[in-house]
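These notes open a run of structures that come right after.
In what comes next, subunit A is part of two complexes: it sits with subunit B in the first one and with subunit C in the second one.
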Partner chain A sequence: MIRNALAEAALTVAVVIAVVALVLVPLALTQPDPMGVVTTFLFGPFRNLRYLGNIVELATPSMFCGLAVALILRAGMFNLGVEGAFFLGGLGTVAAALLLPLPAPLLAPAALLVGAVVGSSVCVVPGVLRARYGASELVSSLMLNFAALFIGLYVLNVLLRDPAAGAMVSFKIPADAKLPKLIEGNRIHLGTLLALLACGLGAVYLFRTAGGFESRIVGANPNFAGHLGLAVRNIGLRAQVIGGLIAALGGGIEMLGLYQRFSWQALPGNGWTGVTVAILARDHPALVIPAALFLGWMQVGGDLVARNFDVPNEAVGLMQALLLVTVTAAALTRNPKLLRAFGARTGASA
Partner chain B sequence: MSDRPLIRFEQVSKTYPNGTVALSDVGFAVEAGTIHAICGENGAGKSTLMKILSGLEAPTSGGLAIDGLPVRIDNPRAAAALGIGMVHQHFSLIGGLSVTENILLGQEPRHGPFVDRAKARARVLDLASRYSLDVDPDATLSTLSVAAQQKVEILKALSRDTRILILDEPTAVLSPPETEELFRRLVALREQGLTILFISHKLKEVRELAQRVTTMRAGRVSGDAAMSDVSDDAIARLVMGEATTSTIVRPEPQSGTPRIAVCGLTLRARDANDRLDAIHLDIRPGEILGIAGVDGSGQRGLVKVLAGSRRPDAGTISWDGEPVVGERTGALRRRGLAHLPADRFRDGGSRRLTLTENALAGAHRGYRFGPLLRPRAMVERTRAIIDTFGVRCPGPLAPLGALSGGNAQKIIAAREFGTNPRFLIADQPTRGIDVAAANFIQDQIVALARSGCAVLLLSADLDELLRLSTRVSVLYAGRLVATFPNSPDLTPARLGPYMLGLEVAA
Partner chain C sequence: MIDLLGLVPAILRVSTPLILAGLGVHVSSRAGVLNIGIEGMMLAGALAGVVVSALTQNVWLGLAAALVSGAVLAAMLSGAIHLLRADLILSGIALNMAAIAGTTLGLFALTGDKGISGSLPSLVLPSLTIPLIENIPILGPILSGHNILTYAALLAVPLVALLVTRTPLGLAMRAVGENPEAAAATGIPVLRVQVTALLISGLFAGAAGAFLSMGYVSWFSQNMTAGRGFIALAADVMGFGYAWGTLAAALLLGATEAITLSLQGFGVPSELLQAIPYLVPVLAMVIHARRRKLHEDD
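Let's turn to the complex of A and B:
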């Protein structure tokens, strides 16, 4: 079995490499220095500590969102409210940090808690609609993201907007609420450690607790869960509540770690990245970490290429899209012939 | 018999790649302009034979002749070209399309690149009036009743100059008046010169409609006669086979008071397999109550209601005198319900989860240390199960999907039997698994009964029922029509007439 799992992982990696090459090589050939483009993209991000820091900094919110999506997908749900939850979690956290009269050591945790609860509503409402009425959580969460965005912008404009700032941004986040920086010279903050911890705890929850096991049973075969007498709807809802809380917490941590003011004017896109991360990680909380770092590396590499050559960094978006399509294509990554080529033994039908 | 029958099956055999022999040397003839019935139990090979005739499957050897000429029917299109149309038991229709679109799907009249809707509609109306099957050509299919949908399915089968119409258990989804209506249509179609192959479990229907009957048993033709030459009892014997002489196990009840008492249980449903009509039954501790009945007689509904996944429309269920109607599966399991489901991979487990996870799901909360599960203890327990049940597998962490049906069933049985249940529902416990595994699971069921568990055994395998059961009840059209204490005198031939709806006992 381990052999087969390794073959699957190897095949996924091979697909990823092929996709990166497929986008990168033609783009490089349009430039006078094709090798430069390729090496900048592949190795540029490792050239100095600042770029490495950028990778980690980009990967942190992706880990929270990827973990949230992974836990939701494992329970057989497809809730895209993580995007809105991340946004609203950030806003709720900033609002709480500005409005709560708390002393320094309590302010950040309290603000994050408020943000997590407020933000998670974007996942919870579709979850309840699904559990109660059987409404597709995919559709309702997709719609609700935009409701969350505009409600959030309204609150920002009416309640939190700093009239002296010249743009629609909040008052400055109080220094007491900021998360401490970990390393001098770049912007990595405590939130990164929290993200790693969350992924670890997520793996423990999913594979080592009764609740996580039950959610995996529901995700693997809801008929089987019903046959065992499990409360299928509640378990599905629980996964969406947990996912919403994690994504919203990620939004709050992003704000308190990196931002001076709440300044998002649109959905930040971290939730969508989280979907890509979770799918690359095959819904495994621990694999969310490398998947998030990989996407962070790709983003930094793309930015470096865009800055130094005449290549738009939308190329990275193209790679992400292609990755999503190819990695989810069961015909490709579950193909028995290809799996055998990567060392899997036959006979293990899925 | 004339020299040139319309259809002649010639030594048709079919062996599936996994070694299952579905048909061996099937040969008989169908006269033009008759209704020809084919009778047999589940797995007798009727459906496979019809799939061969309609081009869905290819025979391994042998062949067939139409109008005396040997033909090869490689696909449904070839069958249609020969004038063969099939009405499937589960309709092959699309709910969101209109009646016209459904009937002419794949053969739409065209006007340049576009479908000529006016012509299509006219063709359907013409077809409907020719066979006097009135349908609304513009209705959306999903808004129609099942009987009306069946009319559409029949028209679809007739839409390509059809001479031979195959109906696979067409009455399974119909109410009695709808069945009568269908029969009048079928007789009218025959009078117009159509040849009809009619597959049914129900002898009354066969008697009413058919001129000739072919019975099948275990992939072979067991009889072929004109209806006027054969009695109902003779057909039942040909379908069920002669009595087998296997030793009866028959565990004795350990108490006079029933563990499970069911009274007046009624479930209204569209699908005959879910329908229940005032079921009364008692199961005492230590007793195995066998339920015999042709497939689709209400077994699924009975299991759903007793396992807590459907609420009955009327009637009571009590466990040791306590009413439990309305309790869901979870609550019943806490009372001591165990359930070996008929479809092991759909309901009984998950192919993607490991053997350990499948074997201990439900009992997993007993393997906790604080908030965490103890994976090592779980794997160890599974290893013990693999040893005692003799499961052939790569190891406790292999996915269930890697196992053969029999070995997967052992894992599922170990989970269900291991909870020390007070009431076991065993639904087709040995269907499709090898003899050794089947014997083992049967022994386990008997051992469980001997330890005081009440067992409800549903099986399409009469030999199994007659070997294990303390009593046997026959389910027909949602009703328990007879109950017999098990004894060597109780034979498939005696049960047959009840199963086929010819006789009803008090």
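Let's turn to the complex of A and C:
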């Protein structure tokens, strides 16, 4: 068992390395100093504490979104509202922080709570429509992402916009609502600890509670779950509510941790990164942490290459896309021949 | 306040990419392949059209390149789900990610600019004026003078309807979409049918992209599809499985967008209007799903 699981993990790692090389090497060869590109990408992010801080900073929202996607996918639901929930969660949190007349110690938690509830609607509405009418949560959540964007921009424009600022941004987030910084010299904030905590709690929920167990049964085989007498629809909906709350909380924490004002004019893309993170983590809440850190490392590496060479950081987007396909590709990561090559016992049909 | 007659060409203009891409989604969905990657295929088509028309100074080669690049991405999606056996939805998301990144890299490699293709002397697809008809007072401006792809999109609707409902391929597609195992059991080559449907879908997406960068505007800019592929997905959902339904939905959604554009500057909250094309499909889906459920409960 363990041997086969290790083989599977090793094969996944090999696929990941192959993908990074597949994008990085050709792009590096277009430059006069190909080795420089490769070493900057691979080792640059570890060169100093500031870059390491950037990795953690980028991984924080990915952990929230990756956890949200993982919990939703585990219940067999395909709700892509995480992207919109993250956006609207950020907006709702900033709105609450600006409008609620609360004293300092209460302001941030209250604002985050408001943001989480408001933002989660992007996941909850498709969930309800699925549970009640059987409408595809996939398509409706894709639509609602954009609806959330434009309704959010309307609220920003009408309610929160600072006329003194040049661009369409909100008033400054009150200092009382900001999340405290953890380490001097970089931007890592309390939200990172909350993200780690959330992933830990997510793992406990999924593997050590009745609710998580139900959700895994429904995800693995809804018909079987129905025969067991489980309330399949409600369990699916519950996963989407929890996922929406987590993603929206992530958006709020991102705002209170890193931003001066709400300034997103488009969907920020963290939800899509969350999908990649969840897939890399094989929908395991604890593995979301290394997966998010890995993607953070890729982003910092890509940014460093973009700053020092003529290679735009969109190369990282290409890697992410390839990872999403190859890691879910049964013909690669479930291939018995390849698994055996990585040490699995024969007959492994994982 | 609004010039209603003047709005007709605007609606057709805005609806053209939605009709084309909507038909693309329609065809692949009949064969049971929900083409989430339509957005990325459009983006690739938009860039290919601009680049090839600029390099060859031939607008038709540009259009052809757009169609081909849409189909190439469709072939890649097919390779991912059929050969690598990756998940359809995740592969579609990945295709969209890759298209945004890839087109930006491509544009940067060619022009040194990541944002816009302004430095490329790309061409624009011609508009068609219909002799005689263009001189009729009110009908003239409604029927004549549109981009050639607008006419192509409108003509494609009955053709796609015929393809899906009246040809052996269409029948096979619908059988595969309904139940692939049963279709395979009757001897239908499921794989070939799905690949064909996806390739057709890619061609339509490429055409939609070409219209955006060689008709709607005359340049390529980063992520210029801006969610239109998803509206096209919605148009297919709202069309309830009929090509004519997809056309009606695309026109309705396009009209909303055109009205939004024409209301800008009148103090109407344009952001709220922009949300409508994404809210209407959800409503339509609920109505559809509810009716189906009532039907099943009987």
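Criterion: the second predicted complex is superposed on the first by the 348 of 350 C-alpha atoms of A that agree within 3 Å, B and C clash if a C-alpha of one lies under 4 Å from a C-alpha of the other, contacts with A are read in each partner's own complex, and residues count from 1 in each chain.
Methods note: contacts are C-beta pairs under 8 Å (C-beta built on N, C-alpha and C of every residue); 3 or more make two chains touch, one makes a residue touch a chain.
Note that the structure is predicted; figures quoted are calculated from it, not measured.
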*Could you tell me if A:226 is touching subunit B, subunit C, both of them or neither one (first, second, both, neither)?*
first
*Is A:193 touching the first partner subunit B, the second partner subunit C, both, or neither of them?*
neither
*Would you sort A:322 into first (subunit B), second (subunit C), both or neither based on which partner it touches?*
second
*Look at A:314 in the shared chain and tell me whether it touches subunit B only, subunit C only, both, or neither; answer first, second, both or neither.*
second
_Partner touching more residues of subunit A, whether subunit B or subunit C_ = C
*Counting only touches as set out at the top, which of subunit B and subunit C does A:209 meet: first, second, both, neither?*
first
*Once the complexes are superposed, what residues of subunit A are shared between the subunit B interface and the subunit C interface?*
none
*Interfacial residue positions of subunit B with respect to subunit A in the complex*: 307-309, 328-334, 339, 341, 346-353, 357, 361-362, 364-365, 368, 371-373, 375, 394-395, 397-399, 401-402
*In their complex, what parts of subunit A are in touch with subunit B?*
1, 204, 208-210, 213-214, 216-217, 220-221, 223-224, 226-231, 347-350
_Of all residues in subunit A, those that touch subunit C in their complex_ = 27, 30, 78, 80, 125, 129, 133-136, 138-140, 142-147, 149-151, 153-154, 157-158, 272, 275, 279, 312, 314-318, 320-322, 324-326, 328-332, 334
*Can you check the complex and tell me which residues of subunit C touch subunit A?*
34, 36, 80, 83-87, 89-91, 93-98, 100-102, 104-105, 108-109, 114, 227, 230, 233-234, 237, 269, 271-272, 274-275, 278-279, 281-282, 285-286, 288-290, 292-293
